[in-house]
Amino acid sequence: MPLLESTAKGVYVIAPTPFHPNGRVDEASTDRMTEFFLEAGADGMTVLGVMGEAPKLDADESLALVRRIVQRAGKAGVIVGVTAPGFAAMRWLARNSMEAGAAGVMIAPPSSLRTDDQVVAYFRQAAEAIGDDIPFVLQDYPQLFQVQMPAAVIRRIVADCPSCVMLKAEDWPGLEKISALRAAQASGEMRPLSILCGNGGLFLEFEMERGADGAMTGYAFPDMLVDLVRLSAAGEREAAHDLFDAHLPLIRYEQQPGVGLAVRKHVLKRRGVIASDAQRKPGSGLTPQAVAEVEYLLSRVGRADPRARLMPLA
Amino acid sequence: MPLLESTAKGVYVIAPTPFHPNGRVDEASTDRMTEFFLEAGADGMTVLGVMGEAPKLDADESLALVRRIVQRAGKAGVIVGVTAPGFAAMRWLARNSMEAGAAGVMIAPPSSLRTDDQVVAYFRQAAEAIGDDIPFVLQDYPQLFQVQMPAAVIRRIVADCPSCVMLKAEDWPGLEKISALRAAQASGEMRPLSILCGNGGLFLEFEMERGADGAMTGYAFPDMLVDLVRLSAAGEREAAHDLFDAHLPLIRYEQQPGVGLAVRKHVLKRRGVIASDAQRKPGSGLTPQAVAEVEYLLSRVGRADPRARLMPLA
Amino acid sequence: MPLLESTAKGVYVIAPTPFHPNGRVDEASTDRMTEFFLEAGADGMTVLGVMGEAPKLDADESLALVRRIVQRAGKAGVIVGVTAPGFAAMRWLARNSMEAGAAGVMIAPPSSLRTDDQVVAYFRQAAEAIGDDIPFVLQDYPQLFQVQMPAAVIRRIVADCPSCVMLKAEDWPGLEKISALRAAQASGEMRPLSILCGNGGLFLEFEMERGADGAMTGYAFPDMLVDLVRLSAAGEREAAHDLFDAHLPLIRYEQQPGVGLAVRKHVLKRRGVIASDAQRKPGSGLTPQAVAEVEYLLSRVGRADPRARLMPLA
Amino acid sequence: MPLLESTAKGVYVIAPTPFHPNGRVDEASTDRMTEFFLEAGADGMTVLGVMGEAPKLDADESLALVRRIVQRAGKAGVIVGVTAPGFAAMRWLARNSMEAGAAGVMIAPPSSLRTDDQVVAYFRQAAEAIGDDIPFVLQDYPQLFQVQMPAAVIRRIVADCPSCVMLKAEDWPGLEKISALRAAQASGEMRPLSILCGNGGLFLEFEMERGADGAMTGYAFPDMLVDLVRLSAAGEREAAHDLFDAHLPLIRYEQQPGVGLAVRKHVLKRRGVIASDAQRKPGSGLTPQAVAEVEYLLSRVGRADPRARLMPLA
């Protein structure tokens, strides 16, 4: 399997973990989902991320899921979230995932970190703990992890950790940070770094214009993300914004903390991708009113973007 | 002046504080802004809120601003943010504002509160400190203040504090909370409470459908907020969503923490409402790239909603 | 093995995990430490707690450590910290530990919990996840976990979870909470609950007088804790305070966050209990100045409490 | 009045604000307290600090208190806590206090600051806002304010702000930070800075040995603090520790968050210094059990340190 590199571009879909209503991992849905993402044009997938309900799987289940998806994903790169409360578990999952064929891993900082030096030291130790032969994605998501990494700190991490090849950019606001990092790269102060954007895609059209390489998010229409990234890369600004704006009401609805995963699983189920929208405990569900709102948004998105079919790509 | 009541409906605009580039309060812009909000159809205004740079004004400046706006606002109600680190300053501003003709005050909880009982006790003490003849708005904004108030806690506050007449709803997600409060009201478990929505209006179209009475936010097109609330109240669902969706890209852009006020002041300046977009220190500004993005969004909003003129209402 | 019950009393020592300087678990030191704690008079031990560097062990290492200590501990009860970011890992370690002969498990709340209902729901789900045949200790340590549980919330947890048999009390301040819980128990509003005190023992002499059943902490002189609990239970107030005060300067020194474990391992090494004071990364160490300060404190403690020998009990 | 300088040494007592039971400021007790602190040997006082219930006073009350204490304090320096949610109020109180004869002001960071740059920028802006002719004390109290300032950040603040003359050191743990700052000073990397220690004095005996210049805390036996600082400065190590250890049980009891002020006011009242231990709302009180515990500690302290009389110094 090719390793993740700092030249990576495009769309890496954050994959949810499909469960049966009884809580067991749904392997058939996992396969179908993997194929759906690839047919939608994704360049890769990220599994066991925040949206993947990773902490609800035990160690063996986690690795089994990685193996299954890697096998199905073929030449598309699979990134594995290995964030853990300690380096022992992080190393275990990272090394076993790479052996299974993953392209790289993703690491988020523990919420106890505060000062610049603490953040930089943490990633240096993490990179050493998993082994610096494993390329990793730095996840910058202050709203969730409560750790702030200004551009200067990210540059220090990139300088200290040769195995850091990608940034998952989901600071909020984050546009100026992308510009600052690209400027540092252009001036030679920072080596090249792939920047894929998360945050549910809520600012993706502008993030691309600021120099991002693509998206890493789990919006339930990855086909749209692929189109948007392509249009934006091709400089078709109006078309990119038109497409984005057609989906924004739903993207925004998905961005509600604690609700987003339920919306995504609901839409993926409606699109025929997964069999059940079940979450393992402690999970969240949609009230009937929320389901009706999502359905209403789907109908409006369908009208504004006729390509946003609910059926999986043929 | 009529006091704020739990029957309040419509749009209360969160007013920024206009400054001259040298940092002094811009009184002419303050007057023009007040008139603009009223001509846009606002039912009231909220001054010295989070977006009003309240902590940057000293006590005398705060009260002078309240007096000026109350005088200009005529029969429209003016709500004054009196959140303070202690009850002495809170009481001082609350009582002086009411004497000046304000309709009520708004109180947010200090970030140190954690447990249900702490939150309830705080508002009971605050209501007592300012005097229970002053109607107050409970500001529920966990993302900023880091205090979580589930519906059950809000109900306890409403039960304990007869002078609590309004909720500024900006929990995120907040749709289910509005439904829960309305259900409690319908069943008689909670007395009537006005619910106006903040959060920059990011979910306003659905919040209205869940039973909100209107908006309390500073989106720089209050004219749109007025139309949306009217359409929604009239049951014109498609028209309401069409209007909302036309503005959503800009509403979303404004919702970037630390950037929102700069965007709002920029747009209000572009609309001819205020003379300068200056903020007092520590303030934030827009980079040239951000200004270009806002201008691009304005041009797209203008195309999608032809009534969204940049000129103030005639 | 007898299961942990709400009648438990005495001293449960929080056990550090002994490592070789190269980072491997030191099994010989583990055995010697277990024996030392038992000879010191401990009624039980708690392994894989905050001070046990639990997150730095992978799943297999954790279980191996539990098995080793349980075997050595004989009839003394071993409590296993099973706090984890998800219920799958928590259940795995809990069930395997009980099978290995543990007396019970300990669970701390994730720092994301805020409202009363969230806290209560979490423990109900956790108890269900591990199985309600496993007795568990509720760890109340707001300073570290940032979750506040007032007495009323603890009472709700105790009412909801029949398998909750013990409170590890380390709120700070915590004296009034112990009194409130004992009053609730005396009036029949709460069923009996064992209360053992943590916080490094910093308030142990008064906690005993407020009704605590003993200590669960890792102070490096567990022999003193045993004596103190005995004196206090026997009503020998002056002797208890004299003994406590002799150790307080060192107890207080140990209570420095991030330093405490290094101090404890240093003292246990000096007492001949463990071979090395090594910590796994990310660990903390003592500067030469800190070592000198600890040595000075040891010499003063030794003078004030002649029984506080540095040699292990014969 | 002489301005506060980086050569300041000794004990600056954190002064509570005495209230009558009806909530009014007790001026007679304020005078008596000021005299008591001076007679105890204090080199200065700090008013309107965290322990001074500052947010509960309105602007006029704050300034009146400063004026009263400055007048009484004579040549002893008075430092005024001017921490505020905005620079306008901070500047107002700072400039008016200096005009009234204060020696300097103290500033703590707002809890929203996270990154190194944010912290440094805040103090630069604050120093500019109050005017760089006003010497200020940097308050480093992460446990309360949730802002972490490593030694490197403090050095940047000292370098950026010529008017920063003193550090109130109350990080926890903080011993290594004092050593690091003194090393930076010794090597010429940092200009001289006065370091006075807070944290209720809980580590004062070692802080002095690490190079601190004295104490800035409100322990109700300032006479002991004065003696301890003198003994330590004179190199009488054993005597210093003996004195400290005699008081440690009470010092530790005072360090309970939310209880400390009640203990201090109780002891100051028992010593005849203030007439009432009343706090303004929201305040905390001592339960009868807590009062009994404090009294018991006082009796033990009195036995161990015969000079710790309950009567004010004659």
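For reference, chains read A, B, C and D in written order, and residue numbers begin at 1 within each chain.
Operating definition for what follows: a contact is a pair of C-beta atoms (placed from the backbone, for glycine too) under 8 Å apart; a residue touches a chain by one contact, two chains touch by 3 or more.
Since the model is a prediction, treat every value here as computed from it, not as a measurement.
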Farthest from chain D by Cα centre, which chain is it? Let me know. A
Is the C-beta contact count larger for B-D or for B-C? B-D
Chain A to chain B, mean C-alpha position gap in Å, rounds to 34
How many Å are there between the centre of chain B and the centre of chain D, using C-alpha atoms for each centre? 39
Using Cα averages as centroids, what's the distance between chain B and chain C in whole Å? 48
Residue ranges of chain D touching at least 2 other chains are none
Between the chains shown, work out who touches whom and classify the graph as line, ring, star, complete or other. complete
Residue numbers of chain B touching chain D in their complex, please. 53-59, 61, 84-89, 91-92, 111, 121-122, 125, 129, 280-282
Enumerate the contact residues on chain C facing chain D in the complex. 172-173, 175-176, 179, 202-203, 206, 209-210, 241, 244-245, 248-249, 252-253, 256-259, 287, 289-290, 293, 300
The residues of chain B that touch chain C in their complex are 114-118, 148-150, 152-153
